[in-house]
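First chain A sits with chain B, and in the next complex the same chain sits with chain C.
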Partner chain A sequence: MNGPPQKLCLDEWDARHASLLADGMREPAYGGLLSRHVGERGDTRLRHLLFDSSAAALRLWNFLLTEEDRLRGHRAAGRKLVGAMKDLGTVPVMAFASPDLVAFYPDGAWWTPCLMEHSDGLLAVADRLGIDDSFCPVRAMLGAFVTGSHFPIPELLVCSAGAVCDDFSAIAQRLEPLGFPVFWWEIPRRRSPEPGESALTLPGGLEAPECQIALTRLELGRVRLALEELAGGPLDDASLSASIRAANLIRRRLRALRDLAFTAEASPLPALELLIAEMLALHYCSDRDESLVVLERLLAEVQARVAAGQGVLSVDAARVFWVNPVADLRVMNLLEECGGRLCGTDLMFGHALVDIPEDLPPLEALARVALADPMVGPAQDRARMICAEMRRLGAEALVVSRIPGASHCCREGDIIRQFVRENTGLPTLEIEVPPLSDAMMPALHSRLLALVETVIGRRAL
Partner chain B sequence: MITAGIDAGSRTIKAVLWDSEKSAVVNSGAIDQGVEQRRLAGELVERLLSELGAGRPPIARTVATGYGRNLIDFADARITEITCHAAGVALVAPSTRTIIEIGGQDNKVIRLDESGTVCDFDMNDRCAAGTGRFLEVVATRLGVQLDELGLLVQQSRCPTPISSMCAVFAETEIVGLLAGGRHPADIVAGVQAAISLRVSSMAGRNVVCPICFTGGVALVPGMAKALQSALGHPVAVAPHPLLTGALGAALLALEI
Partner chain C sequence: MGACPFADFFLQMSASVEASVFVTSCDQMRRAADQAASRNGGEVFLMNVPATWQVPAARQLYRKEIERLGAFLVSIGGVPPSAEALAAELRSRTWEASPANRSTAEACKRVPLALIGESLMPSHFSLPGLLESLGGRVALDATSLGERGQPVFSDEARIAEDPFGTLVDGYFDSVADVFQRPNTRLYDWLRPRIAGRGIRGIVLWHYSWCDLWRAEANRLREEFLLPVLFLDADGSLTPSMKTRLEVFLEILRP
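Coming up: the complex of A and B.
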């Protein structure tokens, strides 16, 4: 721990950085001033964010914001890059089983701070290619591929089809004729087993018919072949199992971090850093080992703060369960400004947080986890899991954040809210957060503040 | 003690002065919104206070609400419209379980428990559909004043279905309907029905009676009836619905 926790703006972080260095902070190669990312990459949105003051948070941010450098480093070192698209947490585990492959998440281009200022023109490129703003902001990925300005073009794109969002499919399909070959694999839409049908419980507690698991396993077998061809060597079961164990280490650290942060009396880590940390479970920011280190530092910081009874927010903050990532990171700051705190999240990839079974053949284990993806099944399944988590974590309210144009969100929010209302009686709110939400900020502020006032009012009963 | 509640809405600024000794509203008023919201709100409150005559006590505390609340820097606290409308309704219609508030740019469904505490709420999305602004667009296109819509709607014999709830598209649709010879009164009735259906859809299955209708749009004749029809439940218009939020703010000022 390095002093009482605070939230700092970018300029304040520069002073804080100097003071931490003077106190002996040792940084990794990608360390340095946070403010440099504004100049080097045009991440001007960072100027509008408030950051946690810990060295661990600095490391997290620098890790996130230097991924492009890392990808170029991997390429320079002769490793092959695999763009894992749509799939959240399965293909990267397979790719990292080979020392010659590195997976990353091109979809994540929509989420980069510079995109949020529209300063790099990615959306304009997508517009020109016919993927306009009626689509999800993931369309920024299309611009990033065409301009080559964000990440090195991967040698292989592995993209799931079937039970995935329509927007994403349309965007990924647009890539193929532009000369970016896509390896497609199908994920079936998870359904409840028929009476008498042979079924299995998936990691996380959902059920799926065995025939769907078998299909997914076969599909992942095809992915394995494609990855082997790219790597120029076999991805045997032993290396896949080792990769699963390594992935589970990260998932366990993340779960420990989340549980501690969500249940502590005073929130020990801001919502923004919690959101960023969760993303590491998906793709490791292109460095699995370092992801683990970053998470361990954060966990140690949170443990120290909890032990010292320190938090970044008042203990009275309204305990809010948050559904879906935001398209503008400032909204996580806004929640806290309005008097709320995170006490739980479902950011669409709960299956990337649960352990992958280590006692099964690796493709069977990965198939079960892939089918546990909350987004490949009925919204009611997801709503049920959210309700259970809200109860476990003592939530006082629910926020469903909608992403404009995202077809998987258009009705799902209503279903989740209705389910939560009927089963918990807690107040719920659905908001739409566009990538550039400046004009929406007063309305978002009012809605979140009203939710917090409602929670506080209900406490008096 | 006198407290002031200011509701700085998108179309009008409303203010209420509450006398806690008398447990009564001692003055209230509303003016059109403008660029200088702080000045306008200050002048309104000063005028209301001066109308009370010499010897009146000063305002002890002020609460601001409404979308412009953060600009009212002389207020002692700022509270959202959800909480303020609930507080206002708790006084004027204490048995209310659902508040429907339609203002200039927002509409809200607020659910209350038996004690009048807010349980949950819904608000419209960012577009103007189903708000007072939508009615303004319609009035402009029909060449009437907003407050004349109510009189007009009473002449309707056959409300025209309006398929578009986007303020921009609806304007285009209205042009087409007028060109097709539809009577303006039927168009207005159709618009009111469309707004009511939208609110009803937002309220979903969670409407519990009694229902109280607040906000400036509640003053438009025909709207309560249209809402009642869409919701399938009786809808009571709050006394002085334009002032409910400001009243709640004045009451909440007693508690800060």
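Coming up: the complex of A and C.
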């Protein structure tokens, strides 16, 4: 516990940091003042965010914002870097099975233009390469590869193809002629089994034909060979199974954190920190053990706050289920400024939050989880899962946050909103969030406020 | 936020028929199938076309999907063809360039262009004629329904012995497209034809919000060192497009 929870701006966090140190807080090697990231890395967006006041949140932020240092450290230590792209949660589990490999998502560069408030110039580089703002902000990744000034260039790039976003696939393909070869593997578009076709239930409850699982397993077998070649040694089943168990530990902590935070009477952790915490499930911010520690600290903080009846927001806050990650982190603060709170999320990687089966051969288990990806199947499946989660978590409204230029957003938002309206009767709202939303902030504020007012008004009925 | 007009057009058309077949070759079309399935209307079949092509598993997936498509067509009243009928159908499939594009003496006076990109919609069918009227000609139709999208069934013995396998392999091996990963087959297909036909300019026909083709504009320039006119198409041929084509050809004309 660190006293009553508050939300602090960056300047206030410096004083808070000194106070925590005086009280005996011990930090990991990557710890320190949050404000240093503005000067050292140019993460100027931090000046416009509000942060949770706990030591656990400080650790989360410092962990997130020092990932590039960690990657360079791994390389200096002789480990090989794997750039996993698009699959969001599967390939890193395989890579971390080898002590000589570290995986990360270059996709994560999509937040760099936000964090650096465009001073990074990554989108301008992508523009020059013909990938303009009609594409998703993940095009910043292309700029990061070409400039080499953000993450270290991985030795191996592994990207899923098939049932993936066009914009991501096109951007990843653009890398190849620029000298960054990509290892492509197929993820089929998940479909319902035909009558009489043999099928299996996937983690999370969806069904898929066995032939699709078999294909995905074969494809992951190819990924395994590529990783073995890079590691210079075998990735045996025992190592993969151990890596699956380690991934599940993290996923369970995260699920416990989410469930408690989303269902507590008073929101015990702000939306921004909840969003960041979910990202740890994807590739552990390049340090699996530390990722677990970060999540355990957050969970302990949340448990303590809930036990003490403490929250960071009014207990009356409108309970909002949020769909898709936001390109501008500031919008998570905005939701709360408008009187809302997070009460569930689908940030496009629900399959990275469920347990990977531990009683199956590892590639079979990973194939089933990869096919459970909400983005590789029909939008109706995703909508159905969102409805079920909204009911379970007691959500009062839905926000679909469109990603500018993303090929899936122009159609799935309508399907999801319609499905939710028909099945829950709850209000829904669609917004679009660019990497820097300052110019749109008044409009976003008005729209979110109207949603919150609608929710509050419905309570009286 | 905009949607691809080609996928929209297909979605609208599908509302007026008893059954429609979508493919997964792009995200927009894949999700248009979701939209079609969510409304009350005809049957919707979504065929999973693999993006990868370099491994046997992708070919196997494609074959299974053709089989599944066949079963779907039978389920809505189709009749499975005999092996002989299928073989005859394969033998009858030949690609012929439109009269305006053939290498006649008259046509050879015009600037040879490659038309690369997505299929034309009916409202764009006048494009080759328009190019001709402006002094150009489509010497290479590399749109999806043009020469590039035509499968090759050349092995007579295989056609007779295994027509279904020939059908599968003909499409899988000879159709090169922008969605394939890697998309080297597209460039391998274009390279000899662009060089062999003396192409002097490329018209990249792409629909608004089509990321796959849009992303290739710079690559086409880098690869072929030819002028590329990037046409961002919507529902019709606009006056602005005509002007741009006119200027493009004026620049290319000797």
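In the analysis below, the second predicted complex is superposed on the first by the 457 of 461 C-alpha atoms of A that agree within 3 Å, B and C clash if a C-alpha of one lies under 4 Å from a C-alpha of the other, contacts with A are read in each partner's own complex, and residues count from 1 in each chain.
The criterion applied here is as follows: a residue touches a chain if its C-beta (ideal position, glycine included) is under 8 Å from a C-beta of that chain, and two chains touch if they have at least 3 such contacts.
Just so it is clear, the model here is predicted, and its values are computed rather than measured.
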So, after the overlay on chain A, do chain B and chain C clash or fit? They fit
### Task
Please indicate which partner A:Ser198 is in contact with in the superposed arrangement: first for chain B, second for chain C, both, or neither.
neither
Would you sort A:Arg458 into first (chain B), second (chain C), both or neither based on which partner it touches? first
Q. Now for A:Glu219: first (chain B), second (chain C), both, or neither, which partner does it touch?
A. second
Between chain B and chain C, the one with more contact residues on chain A is chain C
Worksheet entry | First (chain B), second (chain C), both or neither touched by A:Thr147 | neither
* Could you tell me if A:Glu432 is touching chain B, chain C, both of them or neither one (first, second, both, neither)? => both
Output check: A:Phe135 vs chain B and chain C. Expected answer is one of first, second, both, neither. What do you get? second
Query - Partner chain in contact with A:Gln418 - chain B first, chain C second, else both or neither - result: both
Once superposed, chain B sits from chain C at a minimum Cα distance (Å) of 8
On chain A, the footprints of chain B and chain C overlap at residues 414, 418, 432
As the complex stands, chain C meets chain A at residues 1-3, 24, 26-28, 30-32, 34-35, 37-38, 46, 48, 50-52, 55, 57-58, 60-61, 64, 68, 71, 179, 181-183, 209-212, 214-219, 222-223
Contacts from chain A onto chain C in the complex sit at residues 129-131, 134-135, 159, 161-167, 169-171, 173-174, 176-177, 182, 184-186, 188-189, 191, 194, 211, 215, 218-219, 222, 378-380, 402, 404-405, 407-412, 414-415, 418-419, 432
As the complex stands, chain B meets chain A at residues 67, 70, 79-83, 113, 115, 117-121, 123, 125-126, 204-206
Note: in the complex, chain A contacts chain B through residues 414, 418, 421, 425-429, 432, 440, 442-443, 446-447, 449-450, 453-454, 457-458, 460-461
